[in-house]
Amino acid sequence: MTLILQLAINGLVFGSLLGLVALGLALVFGVMRLVNFAHGEFITLGAYATYLLVTTTGVSPLWGIPIAALLGATIGLAVQMLVISRLAGRPELEALMATYALSIVGLGLFALAFGGDFRTYSAGPAGNVTLAGVVVGWRSITVLVACVIVGAATLALVSRARTGLGFRAVAQNREAAAACGVNVVASERLAFSVSVALAAICGALISFIGTTTPNVGHEWLLDGFVVVIVGGLGSISGALVAALAIGLLHSFASYFLDDSWAQIMTYVLLYVALLVRPHGLLGARSAT
Amino acid sequence: MSCLEAAGVRKRFGGLHAVDGVDFTVEPGELVGLFGPNGAGKTTLFNLIAGAYYPDAGTIRFGGDDVTRFPAFRRARLGIARTFQVVRPFRALSIMENLLAVVASEGALSRTPEQDALQLLAGVGLADRANDPAGSLTLGMLKRFEVARALMVQPRLILLDEPLAGLTDGESAMMLRLIESVKVRAAVVMVEHNVRLALPLCDRAVVMEQGRVIAQGTPAQIRSDPAVIHAYLGDTPEGG
Amino acid sequence: MLDVRNVAVRYGQALAVRGVSLRAETGSWIAIVGPNGAGKTSLARAICGLVPHQGTIAIAGEDISKLPAWERQRRGIGYVPEGRQLFGAMSVEENLRVGAFSRAGAEVRRGLDEAFALFPRLAERRMQAAATLSGGEQQMLALARALMDRPNLLLVDEISWGLMPLLVAQVFERLAALNADGLTIVQIEQNAHEVLRRATHAYVMAAGVCVFDGPAKSVARDPRVLESYIG
Amino acid sequence: MRFAAITVAAAALAAVMPFAGVSVYAGTLVYYAAYYLVLGQAWNMMSGLTGYVSFTHGALAGIGAYTAVLAINGGWPITLALVAAVAVTAFASLVIGVTSLRLRGTAFTFATLFFQELLLLGVRKLPAAGGAAGTTLQEILPTSLPHVLMVLTAAGATIAFALLRRSRTGVRLLAIKGDEDAAAAVGIDATRLKIGVFCASAALCGLAGGIHALFIASLHPESVFSVDTSIVALAVPLIGGVETALGPVAGAILYVGLREILQIVAPSLHLVIVGLLILLVTLFLRDGIIGAARRLLQRRRTYRAALETAR
Amino acid sequence: RPVTAADPIKIGAALSLTGRFSDSAKYVQEGYQLWLQEVNAHGGINGRPVQLITYDDESNPDTAAVLTERLISRDGVVAILGPYSSPITDAAATVAERAGVPMLGTIASDSSIWERRKLHWTVQAFPSSTYDHEGFLKVIASKGKAIKHLAIVYEESPFSIGAKNWAMEEAKKMGLSAEAFGYAPGSQDFSSIVERIISSKADAVSMGGYYQPSIALTRKMIERGYNPVAYHFIQAADGVTKTALAGDASGIFGRSAWESTFTDSASKTFTAAYKAKFNRLPSYHSAAAYAAGQVLEAAIKAKGPDKNGIRDFIATTTMPTVLGTYKLNSKLQQEGYRYTLTQWVSGESKVIRDPAQALWPKPAWK
């Protein structure tokens, strides 16, 4: 029983981080029908920002969360205005390619600025607590709490009737939305920069529990996509539920099988799920 | 043998019976008008005949063959062509390529598809736009284009969903002449809300309401049918 | 109310509208008629700011030609676009709510009630995705959505398209009632007879220019115009 | 016709390079351009025409490569091994095609991306294919064989694409890209066409992969099934111009050439520059380099014509 | 034009200066630079200066193949100093074998490359990763009965699998019950592996994967409050360990090809020279690069810039280098160089020559 609980908690921690990655992806897809391949690089951005903050000023890595969010929002806004805004109404492939190119540029810039070195620090909450035989580290708790707060804040933003409604209208038909008085440009800017801020927050948390390299974000991206697909493209609540489900699945499967079989299983399940329910496990409901 | 025989077809969407047990036959060379209020199930019936949906019940026979479970493209190849109420051109292709993409119905293969296409385009007054991308045409033009594309199939049955929508009276007259000329080769079913212009042309009119056929007969019978006047026409000059 | 001066629209090389001027006094009902490809829709889109254009457009004396589409909408323009342009995956009700995007809660509710009163059919289909509505139902929704924001100026592009005769009559009645309440209407319509009977003033467009304008009654009676542009 | 003649001539020229005393290095560059051209052309055939964006063309080439190496190590003659590579890859594409081509848009793209990942994970667990360690051709063959084969395949693929694009089948594929339901309504069997063209495209990838295995000789799952190759397959036509036969040619030459030049001129910045370039092309040259060149030519022609009439 | 004494002898290297392996590649490059500077300062080899041409292979095997071809056929190098990682070494080896150019696998620890096919021109010039766990097993042996269950964590990559196989075999000989736990490359979450290790009742853990997962695994163990009696991860000697784990690094074993704290005279000279040039302590990558240079230098000195001669020399010679004794077996795998055991003690990574002196057991996590 303790083991089950322990695995469940572990799964939740991993799943919550995954959920945050997916949340940003789903947000941008939901508003702009844009698959953002550069999302991983924005994660990396947050990780390096936090690393630099902690190692140069010596403050707690928790400060990295708001700082990374701010930096992400700003850079996200700039990227939206310079690049993403030009992709509106373009075929999916072109948008895909443009964000992929952005990702290559980002990868190159990080490599140039930091080399391939691992960057890491040891500051931050340490130790653990034991509850009913289940051991949870303070770092994990921090990640979990941060994810829940940030996730809830984002959900509150998009489920606020007007913002969310405007987002969805823009996603469906930009022109008609504009003709209905929705400020299309502002909606898209808001969505993109919030999404990048989310990615940067993820990065801050990842730097805190792992190490930072130029492609740390890249490695989370594919898992993020898995979650977004299972949750139903663009469905935010779907992504969150899927993230937790996959986190738990992964935790249990890699305990009872092994790590790589757990991964194979996740992908096979995903492939089958995609074929059976192309709109995602929960997405079908939101489509009608 | 009838050209088309739909017997007892039904289609539900959730709790809604969009088509609720319709019997519908079309004889070769006949022009049938299909009328009815908005949401009566006319387009849905077209979708069932053309194969975009499969019916929940009932059978559809075309030229004597049971095509109820045939996918849309096979029905097209057998000779059922259609236009869409909301136009659906291949926007990136030129008008000519749009027509060349068509797979003509079996046994109607032409050796000179380009010439056939040009002829059809001339028929709907679009010959001069043959090389423009479909996306640059106005909605009205696209309505006409869709008729040409459907004819390119060399159909034996053609389903026209609101062919006159968006046309001026002059343009409508031209379109109706074209439809009359098609009758020689294929049976025509036409959904139209412009009763004033469309009804006089029909050999027979069928009126649907809430998924059912409520009246059918000659144009004159329909025009004076009280149920039709009540449900559909009203006493407007438009209807009269 | 609306003052359009010398508006031109081009798509790539092609000029779709070549300098059209048009005036609509408050409370008037303007008809724009003309054959396919005349540039009517392009003109309407230019007025709404949905397509880049030259020339000036003023609403209630204010020049709005540099404003983006949503700002123009907030100056009181309601638009029923050609081809409906609904939010396909959203429900009927959500479509209406977007129509009242800049309105507060109570007003939205009142708007919904009015929309459903005008088109009871939509009330029955309240939760259905707009893309799956029948053609006529979509047209109703497009009109209802444009009215949600209580515009001062209503631009309608081919409203009778797809509506059954009974409803066309109803819609014209409704427009007439709104017009009587002071709503300015600019209506593009191929189906010229009804609109020319109702409108105060008519413009006839062909090949991107305005070839004729005058009181609607006189257009309706001018055999030359009818013959060459309307048929 | 003229197009085919020029292609054949260019290919012949490129094919004799190893025997004409041209430096091996230059030959290698031509070889890689040809390899990327085949992949790009295969992608163009499938995704360029139907609009179903595939992220798995690199993995398809990987399947071909693995098949060829395992067959040759198993004592098969090279020709048979290449035939096997084509057959196995085509079969794999049938599996992907039949299962995932009913998905539309982004869902299909992701299905291919995940398929690629699944393949990587699977091959790592497959002892017969060498598992995580990969597999190696026991004998190192001279480069002339893969060089000639690859150049010929590239020329064949280009001509095949040009023919396909001009045929009514090509127009029908483009119609599927435009509107699949409307395509069905005019008698186009979308499912069969899609699977057919995907299969043909995969067969090309399989052949290219098989030939490339002769060239590189050693296969490691991480690199063979890395998404990078799939990206090259898609970037090449995208840079040059999708939907055209010449686009991938321009794209492949530019891609390989630019990479080499940047390696020398800006070794640490070249990744950034390649990324920026792709970005600029997608943002500002929507129909790729060939499209832009055509427009330029067109404009000059109209200008000239205007001058003529003015006179 | 006949070759003159002023013409440099050209040597090539394709390194992963960008991409996944760029961190190590930078140190390798510095090792080469130091060696090159010293050689040329002494008047080159046999009176001719040496020129080193370096390209960036982006950590991509296809790029590495093209670049190796460029080095050989355009730049005309007589020998190649090898790239990083097995896939890339393999790809470059194919080109070198075809052209008949000798290549030293400077930093190629994965000996399976020489297992899979017969290579003639490429040799392994780095300790084989097969022996990654050797030092740790020796400590366990010397500490007697303290350890009963050993957990070996490995990445499903060839080098790590090879090392695991060797260690499992060895542990069996020692009478230990050992269990292996694999993870897929790129794995992000190690909590389940830690749970499995705990359930297996292991008292010693040896992690044979790359650096980043090692830190992730260690952090999970700390969080979970799981304290094995002894803990080893192969890259622990690296200074980053201290930044990442701070006080928790105490007692963690590592294994190293070379350390700047080595006190033999060759190492001392090298360390001093490196410090003078780059103003910081060298890593094992730099030492390995320098050692490869030493071997190549000896080969050219003995045989001149002749490819066949160089290849025969490097394949058969036994010679001292900064890494230790260079010696190959008949498959051209490295047999001479061996890893040294290290351990973090009071904030420093110490070389443990005598297992009896190791800090034992590992202090509990703080």
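For reference, chains read A, B, C, D and E in written order, and residue numbers begin at 1 within each chain.
Following the convention adopted for this analysis, a residue touches a chain if its C-beta (ideal position, glycine included) is under 8 Å from a C-beta of that chain, and two chains touch if they have at least 3 such contacts.
Since the model is a prediction, treat every value here as computed from it, not as a measurement.
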Going by the stated contact rule, which chains contact chain A and chain C alike?
none
Starting at chain C, figure out the least number of steps needed to reach chain D through touching chains.
2
Relative to chain A, which chain's C-alpha centre is the most remote?
B
With chain centres defined as mean CA positions, report which chain is farthest from chain C.
E
Contact counts by the stated rule: is the higher one at D-E or A-E?
A-E
Round to the nearest whole Å and give the separation of the Cα centres of chain A and chain B.
49
From the mean C-alpha coordinate of chain C to that of chain E, what's the distance rounded to whole Å?
74
So the centre of each chain is just the mean of its C-alpha atoms; given that, what is the distance between chain A and chain D in Å?
32
Where the CA atoms of chain B average out and where those of chain D average out, how many Å apart are those spots?
43
Where in chain B do residues touch two or more other chains at once?
none
What parts of chain D, by residue number, touch at least two of the other chains?
121, 124, 268, 270-271
Would you mind listing the residues of chain E that make contact with two or more other chains?
18, 156, 184
Which of the chains touch, listed as pairs?
A-C, A-D, A-E, B-C, B-D, D-E
The chain A residues in contact with chain E across the complex are 3, 6-7, 10, 13-14, 108, 111, 115-118, 120-122, 126-128, 130, 135-140, 209-211, 213-215, 219-220, 223, 250-252, 254-255, 258-260, 262-263
Chain E residues touching chain D in their complex are 17-18, 55-56, 58, 60-63, 65-67, 69-70, 72-74, 86-87, 90-91, 93-94, 97-99, 112, 116-118, 156-158, 161, 184-185
Please name which positions on chain B make contact with chain D in the complex.
50-52, 71-74, 76-77, 81-82, 84, 88-93, 97-98, 100-105, 113, 149-150, 152-153
Can you tell me which positions in chain A touch chain D when the two form their complex?
29, 35, 83, 86-87, 90-94, 96-98, 100-109, 111-112, 222, 225-226, 229, 233, 260-261, 263-264, 267-268, 270-271, 274-275, 278-279
Using the touch rule from the top, collect the residues of chain C that touch chain A in their complex.
48-50, 68-70, 73-74, 79, 81, 85-91, 94, 97-99, 101-102, 129, 145, 149
